[in-house]
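You will see chain A twice below: alongside chain B first, and alongside chain C after that.
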Partner chain A sequence: MANSLRLYLTCIRNTLEAALCLQNFPCQEVERHNKPEVELKTSPELLLNPVLICRNEAEKCLIETSINSLRISLKVKQADELENILTKKFLRFLSMRAEAFQVLRRKPVQGYDISFLITNYHCEDMQKQKLIEFIVQFMEDIDKEISELKLSVNTRGRLVATEFLKQFI
Partner chain B sequence: MACFERVSPALREILTRIHRAERPLEVDHHVHEFGSVHYHVKHSVTDPVYTYLSVSTPLLSSQGLPISSHLPQHTLEMVNGIFPGVMEALVPPNEGYQLTLKLDISRIPRDGKASTKMISDIASVQSALVSTQLKEILRNVESREVGYGIYKPIKLMYHPREPFFVVKQPAKTTAIFPMRFKEKEDVIIATAFFQELMDVGSSEAFRKAPHCIWSPIPPAELRGEPIEDLSTNGGFLSFDITLRHVQGKKLEKTVWSLLNVYTFVKWHVKPLHDVGNEEGDDHRETRKKTKKVDGGCTNVRKWMRVSKKKILGRNLELGNKMKRIRSRIKIHCFSRLRRKWLRMPKFSPVTRYMKLE
Partner chain C sequence: MAEFVEADNAEAIFTRIEHKSSKIESLLKQYKPVEALKTALEGSPPVTKDERCKSANWIVVHRAIMAIKDIDSLFSALDLEYYDVLMKYLYRGLSTGDRPTCDQCLKIHEKLTERAGLGCILRCLADKVNTV
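Entry: the complex of A and B
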């Protein structure tokens, strides 16, 4: 793993360990409702300061915390326009299956490629360390997946080009 | 309209069925392919010897050359020469068609290989027409030099939205294909493909293939052409065809490949654009040859497997919770009280009534 990536992921891990201290907190606005406060943002006293961790201009991670929920938004590295398309399509594929992931948000936050929403209920059902591990592993693997997709597109293009030019020989 | 397969699969199947039928069949099929090619196959029980095949295909149009809806005489002679005695072009053809063939199916041999080959050649008559037209144009049109080393391009059109240019020079013929795509994503995928095409074309293994160049701006050969022909979003793809590529049997392959350039490009671009959709039969070969990449889903499956167990567990828990909420609250000795005081009167369903007088 590159040094800068390791440092970046370590920083995110440490921030998540500090931020993932969630507790149940019923909604102050509406009776008998329980909503993730990080999404509503109606009560400033329930929100903590958002933390933005940037690896470089293209890659960054925004962690927004509240008393009962945590939102992590990721911007993935995209070197060229082809990676841009592949990333968009792949992350859209995942977002459409957000239910299977439970902690994944269906729509990413404006300016980011993908977002996670972790609530106190997730923390009750799942282990905190495992959740953090999942997020960090996801970030490591996403770059690999995009590179593989790009490679497969170029491989396919090469095969099609070979098939086409063979006809002239 | 050109496509990869020279042979029309539907037409081949119909002719094979007629050929192998033990008793004469009544057949009157209309087959439409690629939106513009139309076949009409007719075989009657009253005339079991002959089958009539009519073909309607868009004809090549070009600037400066007369456009005719009828096939020229040499094309008809070429068709008659494919299988003399078995296939004969009727003059005039049926109304609405460019060519009507009278096929004597009984003269096709009964054994497997030869009959299959003959039927396949008959079913590829449309591709033969289309290729012959282009060959004639390339053969007959002289190179038009307008300046020192500059030759006027000839614009050819099969489909109104897919024109291409041919520049005839003494040493070579250059075919230039302007690329246009509806969506920006297609442009990006196609650009990557053209880079690969140039890389493969310049490799040692393909030094005998036509030299291939892609440029985002119009090439010098198209200087002076109308602006609407030069405005593209996918650049210009050029092939330099030399004498080596048009000698003998290679002429047929070269012409067919040039007619299929747009189809090849779409073949690569479209499935990648529609990721997640089922690919058609055309991509079977590429799928077999390409190393199986799970499309980025190797880790996705791992992630989803872990969560699915939790979802099922949660659903079960939720179901049990709801059952507990719905079930009646049990109070000790309440049941006796309920039976005595809270009995609901029995209502018998009305099955008969008394008529009032």
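Entry: the complex of A and C
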């Protein structure tokens, strides 16, 4: 179990290292504009093959690259209804504060839970290795966070129910 | 004219894939998974735009990949020219989402990256002509 997670993260890390070769590329259609090509997908010659890495039926990671930008979309494992709700709320919380994260996308791509958009400007300001480290660390931490949240919800529910039902004893 | 050539090609490719498939089955029965994978990767990816040919080829390669148990011996036997093609098929396997396939592909992917380097991955991403 832990081994498959390690392999999954290694695969994603290697793919990101290879795919994160971005350079500045002004928009071809509109002058003086500079847009992340992976979002627009107007010119096929600027896009690389998108790569889908699945760990199992529930977890997957889509990496789409272009000449000046890269988009990573993650689907987090959600075992039951409660985890579903917790994941949605937690990741929505993060996505709404995307400004602070810089590389986060405000809305996840259709079919995924959260998306990152890394442009050449980010690569110029920040170190490539650290960016990749951040993404992989994020994936590890998300799982821990969701488990912790679930645990605390269950504990609190139990406490509240015990207290409430004491009055009927 | 191009249409006609394609159709002809597709039939030829299907027959080739069937031959490969039977050869691979016999090799697997003799417990030679590495040879089986080599046979599967030869002539891959098929030079055609037909999705069915590519799917048929993928099924054959998938069978060979799942039969591999010892990954280190695989790389000592496999030639360098097959690394790129193998990487493309690994990514196709990873996109299926089927648990045993993904487990196997992730294992081989790690070892293949150590062996072939990041260039292999990048060639796989960049090659839009010979897709798998």
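Heads up, the rule we're going with is that the second predicted complex is superposed on the first by the 168 of 169 C-alpha atoms of A that agree within 3 Å, B and C clash if a C-alpha of one lies under 4 Å from a C-alpha of the other, contacts with A are read in each partner's own complex, and residues count from 1 in each chain.
Here, a contact is a pair of C-beta atoms (placed from the backbone, for glycine too) under 8 Å apart; a residue touches a chain by one contact, two chains touch by 3 or more.
Everything quoted here is computed from the prediction, not taken from an experiment.
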Superposition on chain A - do chain B and chain C clash or fit: fit
Vertex chain A, arms to chain B and chain C (CA centres, degrees, nearest 10): 140
First, second, both or neither for A:A2, with chain B first and chain C second: neither
Chain B versus chain C as contact partner of A:V30, first or second or both or neither: neither
Which of chain B and chain C A:L82 touches, first, second, both or neither: first
Chain A residues touched by each partner, larger count belonging to chain B or chain C: B
Least C-alpha distance (whole Å) that remains between chain C and chain B when both complexes are overlaid: 28
Chain A residues touching chain C - in the complex, by the definition given at the top: 4, 7-8, 10-11, 14-15, 17-19, 21, 44, 48-49, 51-57, 60, 65
Contact set on chain B toward chain A in their complex: 185, 188-189, 192-193, 196-197, 199-201, 206, 208-210, 212, 245, 250, 253-254, 256-257, 261, 264, 267-268, 272, 275-276, 285-286, 289-291, 293, 295-296, 298-300, 303-304, 306-308, 310-311, 314
Chain A - residues contacting chain B, complex: 81-82, 84-85, 89-90, 93-94, 97, 99-102, 125-126, 134, 138, 141, 145-146, 148-149, 151-169
Chain A partner contacts - residues on chain C that touch it in the complex: 91, 94-99, 102-103, 106-107, 109-110, 113, 118-119, 121-122, 124-128, 131
